[in-house]
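Naming follows writing order (A, B and C), and every chain is counted from residue 1.
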Amino acid sequence: MKKGLSDRQKQTRSGYLFLIFPIIIFGIFTIFPMFFALFISFYDWNLLIPDKPFVGLANYIELFQDEVFLIATKNTIIYALGVVPVQTILSLFLAFLMNQKLPGRGFFRLAFYLPAVTASVVTSTIFIWIYSKPGLLNYLLSLAGINGTDWLTNPNTALLSIMALNVWSTSGYFMITFLAGLQNIPASVYEAAKIDGASAWTQFWKITFPLVRPVTYFVVVLSLIGCFQVFDQVFIMSQGGPVNSTTTMSFFVYINSFKYFRLGYGAASAIILAMIIYFVTVVQKRYFPPEPY
Amino acid sequence: MKKIRLSKIFFWLLLVGMTFIYMGPFLFSLSISLNAEQDVFQWPIKLIPQKWTFKNYIQIWEDLPFGRWLTNSLIISIIQTISNVFFSSLAGFAFARLRFPGRNFFFSLFMASLMIPGIILLIPKFIVLNEFHLINTYSGIILPGLVSVVNIFLMKQFFETIPKALEEAALIDGCSYFKIYWKIFLPISKPALAAVAIYTFQGSWNEFMWTVIVTTTSDMFTLPVGMNFLKNEFLVNWPLLMAGTILISLPTLVIFIVFQRYFVQGVGTSGLKE
Amino acid sequence: MARVELKNINKIYDKKVTAISDANIVIEDQEFAILVGPSGCGKSTLLRMIAGLESITSGDLLIDGVRVNDLAPKDRDIAMVFQNYALYPHMTVFDNMAFGLKLRKTPKKEIKERVHHAAEILGLTDLLKRRPKAMSGGQRQRVAIGRAIVRQPKVFLFDEPLSNLDAKLRVQMRTEIKRLHKQLETTIIYVTHDQTEAMTMGNKIIVLDKGLIQQIDSPMRLYNFPANQFVAGFIGSPNMNFIEGKIEKGNRILFKSPDITFSIPENLETLASNFLNQEIILGFRPESIYDQNNENVAWLTEKVKIEIDVIEPIGAETFIYFQANGNDICMRTTSNKEYYTGQSIHIGFDTTRLYFFDKKTGSILR
């Protein structure tokens, strides 16, 4: 029964040879860190102190008594709940407009996608200027007779401002995703609906929306995961301030790990964040599955 | 029919309006970067500068380590892009085309890892690199991004659309599996490879968080991190800052315009299917 | 220059699904052998095992007496033409043909000669610089064949090479491949699901069904002496007609069924008497049915009355369909008589062309 094994062996040898590099990189920078993160979350692991004692659940217990962590959690949830729906609806709407085969589509696509391919540091910097007291936003508001505020230093508006930036900068990416989904819907389906007498509005809700549901699912998952880990904008624009009003969980992880060098504590908060993300995606899959039919 | 026309015009106007929202900030920063006056905080705001100058674009090279950051950014992005294109396609080929024990295990493992939020890996990655004394080195910045699971997945999906007979014909012609990959699959997968290259380059060029964490001195900064540094140091000099943002955005903008179809069509269609 | 021999070849997938069981085939040097059968019968699997693209579970595969089971495809000295051509889309016609030779480190000059020679045979000389995309289906098919020819292999394997072509081109390529076979003087193993292709091209036909070899024979022997009901029904167009009935003894020995009953002709009496009172299946081809009122043929059975259901005039011949025992029966006549639907005619069967099959096993009764 040795027949054909030679080819099998060749495939096995080639297969592992082709995969060895990714497996090593992946092992060192993903698999190992995953377990190691859990491990150090049970230690008082300070980068500057050689002694790293086991502390059991102390880090986790401390987290739940840490007011800043609780604020960060609340901020992160507000952030995700605010950004995800707006971003999803906006990008679907943009994709719907783009799918109307109107002149200048190439240019519009470029315009909408531009923020998504631009470095976060660039968009954030531009928006610091836009949001500043004598900035563009307030100028535009003043034209409408509204008196603006200093958006990023006002604790009431800082988080909201960053959320708006996020919607603006990533909706173009999701629009492209939706657009691909829309273009997969055969024209004959719409033609059939038109013959059945469906209005544009009915067509959108009864045909387009259900048929792009798998795409919507995908977009919402990606958007959620992205929002829960938001870091760059907070780091660049507000450093968590004013008075922790923009401290998100990722920023909390960063501050504790790389500013205060409390890596064990940081790891514990990262693990709670991961658990929240996991929980949310499971809930989404359970209650809003991609294909319910 | 008239009603449809009207709605089309309405849609088109909406698109134009949205375009201003999405492009406006960039045009605005371009305008500021060309403004000759130091104090741009004038009220009311002038959307178009009265005195034009390119001096900010020159000053950024002269007074700041902009060239150094650019070099760092280029080295890092190019190495990561080449590595991703090669190793992701090679691994994608193995997953799509070779049968060997453990294939499904590794593939599921790779895919499952997509569920892990990057944030929890940050600290351990830092500790590992610290052990190897790679903090604040090119290796430290580059190593974790040499291959990505998403790219492997994209390449696998693409390779699966290539007819099996092509591989068999090559096998009969005398190709080894590596040669099948190198001489047959790579040349006919240019759209997918281009997509992987573009996405990787863009991601690498814009990467911020990891670089912030592993770099400690300004000579190791990449453009985005350097830009942030600049922002903190020169918050008053907006024209200079905006010139920096424009310069950083240029490569991705050019790549996006030139390779737009690869972004949009993504992967999936190839010259093979007819 | 090559004799291909399959000895007790089995193919079992995942230790469960049997794709081929106990195949024994000998293909002589320079033979044009056809593997034919309905889809899923295992013909492609068999070919792919010969090519080395599929492992052999058990048994021996010999090429020129050498066991090649464990050899890689490239070391078996075979060439294969695929159904969808499998041309390398990024290479020109020349490079497509030269690729295998380059990998074998054939000298450049020789590659050039061989490719040009093959191109000449196939009429591809003007297309050598083109890419597959810019060619028609027929041209691509020729390139695929050319790629096989330049290798000068011991055995050519064809996997349904014509099924992607339109009907007209298919007929043309059929003759072309036959001519090529004569010219190249090599062994060809050719897979098809089309029995017409099999009959017209091969000189040895291997009929497969459900992973089992049903019969190996020349085209005419397959047609005239099918080994079982499957082969009888598969070979020939329109299909052979089958009706179930019983052999009974009246005054003479009778074939008895609800709609069709007739005395067994003398030449079959001895055979039929072995199956007295048994259910059998009677088989007869459309051209073995005659209109007794119209055609004068000597060796017919006694008259059977039928009513015409559907008429299909083709021109040179006419197909007449009628119902018997709930089956559609097809009759083919070359007479110029005008028939009409609902007409009753008396038919008779060519006594020398009646086949009896075992109802349970389907094998022919002789």
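One rule holds for everything that comes next: a residue touches a chain if its C-beta (ideal position, glycine included) is under 8 Å from a C-beta of that chain, and two chains touch if they have at least 3 such contacts.
In this text, all values refer to a predicted model and were calculated from it rather than measured experimentally.
With chain centres set to the mean of the C-alpha atoms, which chain is at the far end from subunit C?
The most remote chain is A.
Most contacts: which chain pair?
Maximum number of inter-chain contact pairs occurs for A-B.
Quick one: report the Å distance separating subunit A from subunit C, using the average Cα coordinate of each chain.
Roughly 60 Å, centre to centre.
Averaging only over C-alpha atoms, locate the centres of subunit A and subunit B and give their separation in whole Å.
Spacing between the chain centres: roughly 16 Å.
With centres defined as the mean C-alpha position, give me the subunit B-subunit C separation in Å.
Whole-Å distance between the two chain centres: 57.
So which stretches of subunit C touch two or more other chains?
Residues 52, 72.
Counting only residues that touch at least 2 other chains, which ones in subunit A make the list?
Residues 8, 10 of subunit A touch two or more partner chains.
Which of the residues in subunit B end up touching subunit C in this complex?
Spelled out, the residues of subunit B in touch with subunit C are 163, 165-166, 168-175, 179, 183-184, 187-188, 271-272, 274.
Considering only the defined contacts, which subunit B positions touch subunit A in the complex?
7-8, 11-12, 14-15, 18-19, 21-23, 25-26, 28-29, 32, 41-45, 87-88, 90-91, 93-95, 98-103, 106, 109-110, 113, 115-128, 130, 143-144, 146-147, 149, 152, 176-178, 181, 202, 205-206, 208-209, 212-213, 223-225, 227-228, 231, 238, 241-242, 244-245, 248-249, 252-253, 256-257, 260, 263-264, 266
Help me check something: in the complex, which residues belonging to subunit A touch subunit C?
Within the complex, subunit A touches subunit C at residues 1-8, 10.
In the complex of these two chains, what residues of subunit A are touching subunit B?
Against subunit B, the touching part of subunit A is residues 8, 10-12, 14-16, 18-19, 21-23, 25-26, 28-34, 36-37, 40, 47, 94, 97-98, 100, 102-104, 106-115, 117-123, 125-130, 134-136, 139, 142, 168, 172, 176, 179-180, 200, 225, 228-229, 231-232, 235-236, 249-250, 253-254, 257-258, 263, 266-267, 270-271, 273-274, 277-278, 281.
Would you mind writing out the residues of subunit C in touch with subunit A in their complex?
Within the complex, subunit C contacts subunit A at residues 52, 54-58, 69-70, 72.
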